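To start, the structure under review is shown below, and the notes come after it.
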Amino acid sequence: MIDTLIQGILLGGYYAVIACGLSFMFSVMRIINLAHGSLAVAAAYGLWLLASTFGISPFAGLLIVLPVMAVAGWMLQRYLLERSARGGALLPILTTFGLAIVLDNLMFEQFGADTRSLAPFIGSLSYDSWELPGGIYVGKLAVMTMASAIALLGGLQFFLSRFALGRAIRATAEDPDTAGLVGIDARKANALAAAIAMVTVGIAGAFLGMRATFDPYSGGPQLLFAFEAAVIGGAGSLWGTLIGGIVLGLAQSLGAQVHPQGFLIGGHAVFLAMLFARLFLTGVPFLGRTGFSRTGLPKIRAALRSTP
Amino acid sequence: MTILSVQNLNVHHGLLQAVRDVSFDLAKGDVLALVGANGAGKTTLLRSLAGAHLAASGRITLNGDDMTAVPSHQRIARGIALVPEGRRVFSQMTVEENLLLGKSSGRTGEWTVNRVFDAFPNLLPRRHAKTGHLSGGEQQATAIGRALMSNPDILLLDEVSLGLSPLVIDRVYAQLQTLLTSGTTMVLVEQDLGRAMAVASRVICMLEGRVVLDKPAKGVTRDQVTKAYFGLHREGTGRAAS
Amino acid sequence: MTLASNGISIERWTRSSRLALGGVALALALFAIAPLTLGAGAIDRMTALFIYVILAAMWNALAGFGGLVSVGQQVFFGLGAYFTIRLADTGLNPFLALFAAAIITGAISLPLSFFMLRLKGGEFAIGMWVISALTHMLVNLDRLIQGETGTSLISLNVYDINTRRVVIYWLALASMAALLGILFALLRSRAGAAIQAIRDNEDAATSLGVRVVATKRLLFVLAAFGIAIAGALWLATATTFQPKTYFSVQWTAYMIFMVLIGGIGKFEGAILGAVLFFVIETFFGAMGVWYLIGLGATAVLFSLFLPQGLWGEIERRFDLRLLPVGYRVKLPGPPKIQWNQ
């Protein structure tokens, strides 16, 4: 039982990593990127390709994949999201959904239906474990994932509060119109935020590939996990995603103990239960209500912005 | 010496034309009071000067450079800073963070975080408080300080007394006094006619988007401004054909 | 705002729209007698087309008129098929089971709406996907379904294959006509005015006293019911039920594609989109994965460059309204709308 709980908590580290980019992008640009999971899978394939053809270890591979992801994020914002966001709040959902379909099927075309894993390329790390008192084993990779999640969230928090660029992103998230008036290029701040989000997606892709297997259509489930962790965490505050990830990981691990299909059912059920509880207890279901959400009169501001 | 020149400016709010054919020149050190009834186009004019609202036609030049198509974040880098109506501080961020954001444009000069705290000593104890938790007066001081951090050549102030108690307004104006006497060029939108005329060197009154009165503050009586304010007084640049 | 002249009239039907309605009636009549001349393969394809039209119209009702973009509508498609299997297993006539299943699914969507309609924008979109994923898992738990192995609607086998094919064709045609008719009538009713007010500006509609949530709920339930019929009909033509196939997000991808290229929020747009999708599938469906990549890429391009879709573009260019769900202000001579401050 304790073993299950520990595994569940550590699994939450992975969910925190994959959720933080989704939540970050939502809190800055108000866009839920439906291609989020597919992009993580694409990063995993990138690492797999580097490892299987050039023998580059996935950790070294990140040095190549993460900059590529950053550029992809920048371009995603500049060429797709910025344009579709002008058409209203609903259009980016459709744009990113279309992008996810393109990505998934391109990966299928390229890599076929076989499941892949990065585990063979990281030596014994994928199955090494430490023994805790009481005969409990914890996987080194799972601990590393959790440590990375904490480092990533902490680093992001530090960047957002201590660096001028981080403050510019927060200011843009809160009020892009006024951000422009104080000298911030909101388009640039958004593109930078998207680039950062995609770097976190790249890291998530690495852990996805190392801890399990993936196939071209793994993006959908990963998006759902990221979304669930972000919403359970009541995100916007970055640390919320860690809590959300842990709750989701625990629910899945406990569910798996009950029934073979309980892993997914447990996760989805806890997500809906949390949503339900929050809806009816506080009336605030949303992502990003705390932290750096916009307040005041966004509609009026939007109207002012759109006027030539 | 002309620092800011506005020529035949027209600004639209969707289908509504908020600013109609407005022209004026501003010399260095001028303090211009922009008065007029609600909906006269004052805020839109200020926002278009700051680049938050691009003009439909006309020209804005700063020190001879054409600014008309320059977006807001670059306009502040060229020296025009706006303190927007309703203060619009970043409520999730601290006072100090708000002030530091004012440096985004990269302009250097005498204004620093410490200098702002000298000018607005009431902010100092609130340095690390989120501005969402501040009083209206403190928020207004933060907004002004944030604009000053860009070391502007021209400071645009939109309704700094809106929503503040008379006592707090007095304090904000007392703090502005140092700026007013230091030779900073300013454009001031103010509902309180008496207060505006007391600090300004020049008065422009707008009515339905047009300039209906433009005079040195010394050469104009309160009565003349009041008449222009309500459209009872037509002269020079008045309503041509509508 | 003042209108500078009088003699304005409000019209609901234009000449072209009266012609169009006549055309629709004629087309339905022709479709109804078509099986007499069509071969088996063609009948099956036409049945698929009718199902696509239902899917597109229902997704459009929800997203285009209700402002609710869902990427989890496959849940109703799957449930429509699942309940048909369940009911047929109890001995109910399989053709009756199709519609009973849709009614059950519609009934389930009502309590679900109280919960899901509290979510906004992308949260609703993915939230529905989570609902679908969870429902998929729960359906797999039913022993009758045998997990992903699935099962068949065996009770259909008592009917002769050719009779069955034509009956399903007629049922699909009738379902499509009825659902389109319901939607058309709904959009032209008082609720329709509310729906269009919500589409144009939800906040303004709320402040005018439009019952936004009740109106959205109506659309949510209608879409659930309609998509469930589509799922049940699909099961009737395919006879096999594998949960993975029916609860696949692919269905929603098709719905989004059809509505995006046809014209989101346009009654005629969804129909046009379904027909185009049907044609594209007929010619390119065999290309497999590249076909899907093309669909996704087309959807992205439409969302970026032609968000009003083809029908929106046609309406704009030719000022054409075939099946008008709104009102048109007809001005004598050129419009003289003047703004005064």
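As written, the chains take the letters A, B and C, and residue 1 is the first residue of each chain.
Here is the rule we go by: a contact is a pair of C-beta atoms (placed from the backbone, for glycine too) under 8 Å apart; a residue touches a chain by one contact, two chains touch by 3 or more.
The structure displayed is predicted, hence computed values, not measured ones.
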From chain B, the most remote chain by mean C-alpha position: C
Top chain pair, ranked by how many C-beta pairs fall in contact: A-C
Where chain B and chain C are represented by their mean Cα positions, the distance between them in whole Å: 53
Inter-centroid spacing, chain C versus chain A (mean Cα positions, whole Å): 32
Centroid spacing, where centroids are CA-atom means, of chain A and chain B in whole angstrom: 42
Per-residue multi-chain contacts in chain A, two or more chains: none
Contacting residues of chain A [partner chain B, same complex]: 161, 164, 167-168, 170-171, 174-175, 177-186, 291-293, 295-296, 303-304, 307-308
Residues of chain A touching chain C in the complex: 26, 30-32, 34, 80, 83-84, 87, 89-95, 97-102, 105-106, 108-109, 220-221, 223-224, 227-228, 231, 259, 261, 264-265, 268-269, 271-272, 275-276, 279, 285-287, 299
Contacting residues of chain C [partner chain A, same complex]: 63, 67, 69, 71, 115, 118-123, 125-127, 129-131, 133-134, 137-138, 140-141, 203, 249, 253, 256, 260, 289-290, 292-293, 295-300, 303-304, 307
Chain B to chain A touching residues, read off their complex: 12-14, 47, 50-54, 56, 71-74, 76-77, 81-82, 84, 88, 90-93, 97, 100-106, 132, 146-147, 150
